[in-house]
Amino acid sequence: MFDTALTWSDLAFLAQGAAMTLAVTAVSVTAGTVLGIVFGVLRVQLGAIWSAPLTFVLDVFRSVPLLIQLVLGNALQSIAKLGWAPFTTSCVVLSLYTAAYCSEIIRGGIDAVPATTRRAARSLGMTWWQDMRYIVAPLATRVSLPAWIGLTLGVMKDSALVLWLGLIELLRASQILVTRLQEPLFILLICGVIYFVISFPIARLGGYLERRWSPND
Amino acid sequence: MIEIKNVRKSFNALEVLKGINLTVNKGEVVTIIGGSGSGKSTLLTCINGLEPINSGQITIDGTDVHAKGTDLNKLRRKVGIVFQQWNAFPHLTVLENVMLAPRKVLGLAKEKAEEIAVKQLTHVGLREKLSVYPNRMSGGQQQRMAIARALAMSPEYMLFDEVTSALDPMLVGEVLDTLKMLAEEGMTMICVTHEMAFARDVSDRVAFFHHGVMAEIGTPDQLFGAPQHPDTQAFLASVR
Amino acid sequence: MLNYTFHWNQAFKALPQMLDGAVVTLQIALLSMVLGLAIALALTAFRLSGNRILSGFATSWVEVARNTPALFQIYMAHFGLGNFGIHLSPYTALLIGIAFNNAGYLAENFRGALKAIPDTQARAGRSLGMTPIQAFRLIVLPQMLRVAFLPATNQMVWAILMTSLGVTVGMNTDLAGITQELNARSFRTFEFFALAAVIYYIIAKLVTLAARLVAARMFKY
């Protein structure tokens, strides 16, 4: 019989960690998506040249390791004496990180709507806003949703890095138990299974939507 | 000589060839006409061994195509095929497309393969396009390139599977002219086609396929002038 | 008003040290890509083999790599293997973790690329008398490479960014590790990490640029 020192309260501790992972992810993805939509639409409206500064800044968020971004975000809030809790700092940095990727997805989605379709909408007398709301948004959503689901899962996995700022999320909780119980493989396996159980079904859904909505079909 | 004896072929429960008998002699041009789903394209892919058959026999110059131990790769050098979709290799230039098989399959030296390729491409009127990538050309040009690619293997037989069906009407003529030229040069050819005027012009014999059966075969004058089988009559009436 | 004086000089003095770290970072990323590519090829072959056990193994690898955090994968290599009495150095654990991740994503990339090449291409090759292997090598593979190339270079950039995770398992010779050591000594967190961020950014952009140049030379069609 398999023997472990792991108790029910330890499992509850892991569950708390998982809840923290989900909380950070939920806040960051929500805020990041809103920002990402704004940035994405802005980039399309401004055109490549006028949106170059914005594009550059967003690209920086995608080209610098998230861990470094978290450390810098934390240092900045401390310099500015904002007194943010690690949770706030983590969510702010992760939101900007999410927004950088999301704006790329949104831009791709809008660009995928044929110009002729949009012209048809405008020629029917729709305003820019109506065109966006009734024509572009539904079509762009189809193109963007699978990638957005991928992004959400990516942020969920990347949120493990907030442990560096002292937040006890799923991976950090596992590490604490590993140190105490000295059963690294068993505890990490549980941790991995939890990540997998959250991620895999949603990843499958994304893959299904991508296949189903593929423009080639 | 290509001899097809009582060939049957099924895809799952659907029998597409129901006992086909046909002999094509050296230098002969045989065209096969018929409605879609009549099994005519399937026959061509069976002749060069791309598809297995369920029963019967196909021999090419005495070699049984579907016998175990037949070197199909060797046999296919003798039998060129061009498809409805020309299947240009997009990563190679026109010249490289045509040179590839002579070099890698026949093992020719680069210079020799290039000489052959240039000759065949000139033959089909693509001398000016040697260093172009296929996706920069029209469908008709790509199809002519595919013909040159097959000819570069110096085949003794050529199979053409509805080679103009996927082309814009304006581009059909240039490809048919190429086929006519080959026929006049004495190439042994089996063409599956929907172009009745072409079939009438170039064929020694025309075969009419209907629901997996060769309903009728004869000279163009016989088949188009005085069709015997009621299905042939109905088909010809519908395409006129 | 920020009541803080930036001390950039200190950071700039450490630049040579940090650049040494950047070399280690690049080295780990490259090695992990080479390992990842080799394993991904094997996993792709396993998946196509038709053997249940092999393809099940390959699929499990791909799904675990894609559905758990990279940091978790590095922890597994560093702490998890301890159960078997295997204690890897931070360098090795980091390399294995990233290679594991790369292999999973690249295998999925290869599968997509393979799907993108229509069957008729291989068929056209066969009809010219090519053997199945010739048709794959001369017709399918070159086209697959083009489809797979861009996602593979993205994975390389990912690998570079992932190396920074080594610092969490005690890695102290790569760019993130050295930056953290300098920071621990001086507490000039912002200056050192900002400089590190610039270096990471430049490396990522140089790699992307190099990949584009290679692609432009390799894929002319």
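Observations, loosely collected:
Note that the chains are named A, B and C in the order they appear, and that numbering of residues resets to 1 at the start of each chain.
By definition in this document, a residue touches a chain if its C-beta (ideal position, glycine included) is under 8 Å from a C-beta of that chain, and two chains touch if they have at least 3 such contacts.
Keep in mind it's a predicted model, so treat the numbers as computed, not measured.
Here the chain at the heart of the shown protein, by mean C-alpha position, is C.
Taking the mean of C-alpha positions as each chain's centre, the chain lying farthest from the centre of chain C is B. Averaged C-alpha coordinates put the centre of chain B at 48 Å from the centre of chain C. Our note on geometry: chain A versus chain B, Cα centroid distance of 55 Å, whole angstroms. Annotation: 20 Å between the Cα-based centres of chain A and chain C.
Listed in rising order, the residues of chain C touching chain A in the complex are 2-4, 63-64, 66-72, 75-76, 79-84, 157, 161-165, 167-168, 176, 179, 189-190, 193-194, 196-197, 200-201, 204-205. The residues of chain B lying in touch with chain C in their complex are 48, 50, 73-74, 76-77, 80-81, 83, 85, 87, 89-92, 100-101, 104-106, 133-135, 146, 149-150, 153.
Residues 120-121, 123-131, 134, 138-139, 142-143, 146, 219-221 of chain C are the ones that touch chain B when the two sit in their complex. Residues of chain A that touch chain C in their complex: 60, 63-69, 71-72, 74-76, 79-81, 153, 157-158, 160-161, 163-164, 171, 174-175, 178, 183-186, 188-189, 191-192, 195-196, 199-200, 203.
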